[in-house]
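Taking it in order: structure first as structure tokens, then the write-up.
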């Protein structure tokens, strides 16, 4: 069944000195879908992400990616396998132009990154692909702007373009809309929708309208454990979810 | 954390062209030195230090790593070359190769250890490692401890170039310097250089893109250390001795000072800085006792008011990359 | 076996200096995010200050123990106000470079006026002589050094880790702007902390004046060893730097006994080993 | 040839050796010019000084520049063995004259001897020999060495051991300590428990003074063991202070308070020093060496600007001066003169700030220095 | 809901008097000129919300009032006192507190120390028990290192710690960012409660829906200037305009 589910966890657990941030979480993420992870603050969503991308080492449990056990694989190698994350705080190379930002990612894939004796003009062969990616996320006019000078929402988009350049199969997005204005939220939401045709996406988000509109499946975490799972329409009626996450006044 | 180098300058094709023009002017100026009546030993010494500072700058300016122990490569290569020339009686070209090999091995080992930490820790680790090496060289018999290796034969390079003739030696050193400089220049503007820059900008992000950043930093460290060793090997022919001075902490400080004065992370800054500092040492020798105080004052003044260094300020003024 | 005990005790004495110095470094690093390269020079100034107090003012050891750290501490605060403050917020490496320059200046000036050979400073009357411990002859003064520095170290630890002032200090390390916006005069606190760290260095200097030569370069090498101590211990924790300081003194003492030729390299070798096994240092948090 | 001379006083102006050489050596050179009376005979003599900072490469580059650019004829002083040997090569290459007073290494007149070099004042062989012999004869039959772990320390220990055993003494142990150690207590404990009668300090500078100071603290003297410093200068004793240094034995070839002549010179010298200090033996050696150089020039009638020629002339004239008395320069460049064994006075015996030594013995030059048949100098094989 | 202790001023009497008056406020980050003459005021006991797009200068306004920005000119009067040349520690001691956008939790302090860090500048703050009632999560994690808290927990801690100080003028910069809907509701209640007790609150919000549940008045900020302002009562009348301003 490795084909149907791109990522699976079994009994994933993370303990911090006696405190269980994540406890016995088993997830199955279907290939080609948008899967959302929601839950109240401190439920363990970010910790889950950190476990999946190897920024933290699980206390127990296993992680299967494309049927392969990656529980003990190093962070950089996970990225090489096509499982790439974005950060909660925007992560770009500030003094590189948008084009260069994307090129750095392309370069990694196509070797030659240790070549200190060659001119960097060999990198120009990546320009076309980089522009294409920038175009995909609506940044073509920013190609030669340094990332530091771009507005917040655009940095977010640039980060996604950079991630796409790695040609991932699956992307993990942690609160991609945090701190964004409405305009940008809509843009990024549309972007995520568009790219989900090609990639599997797992995201954490508190913005309910985004979650409702985008996700195919939602897993609700509370106190480190899976509370329930299902499509939004189902969950929004679930009393437990209302109490733990949506709040009493939620319509 | 703000970066230690001026990253706001443009990195455009024009920048590379500007830099090439300046390079040609510099090479031409250096080539006519023997006809200017300038004391050639002074210029040769300055060239060795310039190459050394450039190698150091590769690490700090483009890798964001400040090594406070770069003298160890200078000294190690010097001892290796000197030993090869004097004891084994090797010809100059092989002597230089032995020196480079020595510093290469050292840089692999020390690099492997020190890139485990960043920032201030990295500086302290390199400092401590160089002190460790200093004590080893102080006790090792082949270095002759405090006395150093003296009276090293200059010999004939490739069997034809008589290095005991100042003019011949000068051009050999100049060619060595220019070759080293060009290699560094190329490294900065290579695919590898691009990755290095992005690691300096945001290491976490580089990791998440799948780069094993330690390997890149290690390569940068090895390149820097080995080139510093090349400078040390050349210096053996100029000074005709190899001594503990070249592995001591003050020497490492001097390298930092040269680069700082010229401009950290600028292409030509270290060269200018080396000439300024070596010149100062020569011509302020009369102040004798006050030289360390003057050096300290320059450090302080640079950090407080002149952080971009000579070349950095000029580059900033003209909004050009130099 | 007896000789071994003696060496252990002797090691502890050196450890006191490492501990005091690395503690001062850690305090300054914690607050200003600066590796104080001038620490060795300020340690030297502490010793000189004791010397001047005695030779010019006729003020003896006990008062020097109090006054020298204060005087040198004030000097440090002036440095902080006039220079270090200007580079706050810049890359930490600038702090390293600036204090390196300051060390050169201070040491150079002292060298110009006092040459390189040492000046004498006698052990105070009350602490002369020694005790026969059976396994060794322990000079009273050395015993005093161990006990006194231990007390100072623990008091500093308590101040920083267990008091409100300490919480301010740690918070201001991370985000001085915000702490200031809570109503705390952060610049003054930074100045005082630098003074405290410098004062600890000067105190070590006074303690060492009677047993080492009072010379302008007395701090030059020890500071590099202390850097290695700091790398081994990690600067994240005050207690860490105290314990590693003492521990490394002991290790060094044992090396002097078993393989004296390596006694000035052992700390560095240890540093390399620690880095290979645990890059963040023994007590350090990830940077 | 002509009648111009340019002298370069190359010394450590700010470091460890600045007090025993440094500005004082430049002053000694200056006084030699004045006292020689050559200016009255129409000679034009200049002095420049330089700071080698104890770094061989800085030393050689200054020396080379002096010869190439400033046309210096002679380099004097150069304390620090490493620098001294490095400069030795340059002087030979440039055929200048080199009168070394400050360096301890006996290599200058052995394996690395040069026809351009004269080594005045002292060397490791002489120090080891004089002190070792005298103390064994005085009953110091068992020795323990505290040796600085580098070439210089090893040489001192080796030479002293040879003398001690030759005179019927015995070396019962030793410990090598790293250079520039600040804490010697471990090593002193080992020396103490060895029970040796004499603890020989085969180290120099700060290491020696620190050892002496800490030895007092551990009650070594009171325990009946005697310290023998193999290399110690007036300035070191001054900095340690009499109450700690008292009773210490060591060798020097000059002390300001020897006789009327030395006192007269020292008075004149001290008046012109910033800190009013009398000359050290190194500074005295510079004075005497330069004076002898002038004698040779005077005899030649002009300056041939040919180092070997001048040095040969210097070797052909016996040395005699107010400070070191009678002596000679051997073919290998070694100047020999009487060596003295001193003991540091008790505080109660001292009558002035610089009244520090009392003379306890002396060894004639031909017995104190390396005998020619043991010298490895290639010049002797001609 | 805990009982909030008496604040400094009776709510009713204060409603009319201007407590904060900002005139022609201009600010710079280094070379870049961000605020170009802000004009607005806040009355005692009010909740005033600054709205505006990303980068409009809302955060900068708060920082300028707090005195933690490089260079600023114009006039900021607080209870008649001029703040423009005061350092931030003095400003804080007047009873102004800021909960910053990036939260500013201290990694080297545990949760308790973080909570107790800001000194009490005047009487009238909440007690620890009252705070734990508001944010039970914090009580459980008291021993934890500050930055090991989840994003939302950090936000709660950032708000909680300034409630202790007794400052009566609170500036909250996007307090709901990254919080779960349940908690947002809770924060809404808290703000309402604080207001009732006489606190004055200057709020910056992107979440317009949330703002509308608590605010008395709004100002709209664009390019470093206030371009519009209206009371909550007039909200529906201004909805269209707001849509164009904010692109909602």
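Going by the order they are written in, the chains are A, B, C, D and E; count residues from 1 in each one.
To be clear about the criterion, a residue touches a chain if its C-beta (ideal position, glycine included) is under 8 Å from a C-beta of that chain, and two chains touch if they have at least 3 such contacts.
Please read these numbers as outputs of a predicted model, since none were measured by experiment.
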Labels of chains that are neighbours to subunit A and to subunit E: none
Chain pair with the higher count of C-beta pairs in contact (A-B, B-C): B-C
Centre-to-centre distance between subunit C and subunit A (centres being mean Cα positions), rounded to whole Å: 47
Chain centre separation (subunit D, subunit E; CA means) in Å: 77
Whole-Å gap separating subunit B and subunit E, where each centre is the average of the chain's CA atoms: 53
Mean-CA-position distance for subunit E and subunit C (Å): 44
Contacts with two or more other chains, residues of subunit E listed in rising order: none
Contacts with two or more other chains, residues of subunit B listed in rising order: 3, 135, 139, 289, 291-292
Of all residues in subunit D, the ones touching two or more other chains: 14, 18, 149, 178
Touching pairs - complete list by chain label: A-B, A-E, B-C, B-D, C-D, C-E
Subunit C-facing residues of subunit B, complex: 1-4, 66, 68, 113-114, 116-121, 123-125, 127-129, 131-132, 135-136, 139, 249, 253, 256, 260, 289-293, 295-300, 302-304, 307
Residue ranges of subunit B touching subunit A (in the complex, touch as defined): 3, 7-8, 183, 186-187, 189-195, 197-198, 201-202, 204-212, 215-216, 219, 223
Partner subunit D, residues of subunit B touching it in the complex: 39, 41-42, 45, 135, 138-139, 144-148, 150-151, 239-241, 243-246, 281-282, 285, 288-289, 291-292
In the complex, subunit C residues that touch subunit B: 29, 35, 83, 86-87, 89-94, 96-98, 100-109, 111-112, 220-221, 224, 227-228, 230-231, 261, 264-265, 268-269, 271-272, 275-276, 279-280, 287
Of all residues in subunit C, those that touch subunit E in their complex: 164, 167-168, 170-171, 173-175, 177-186
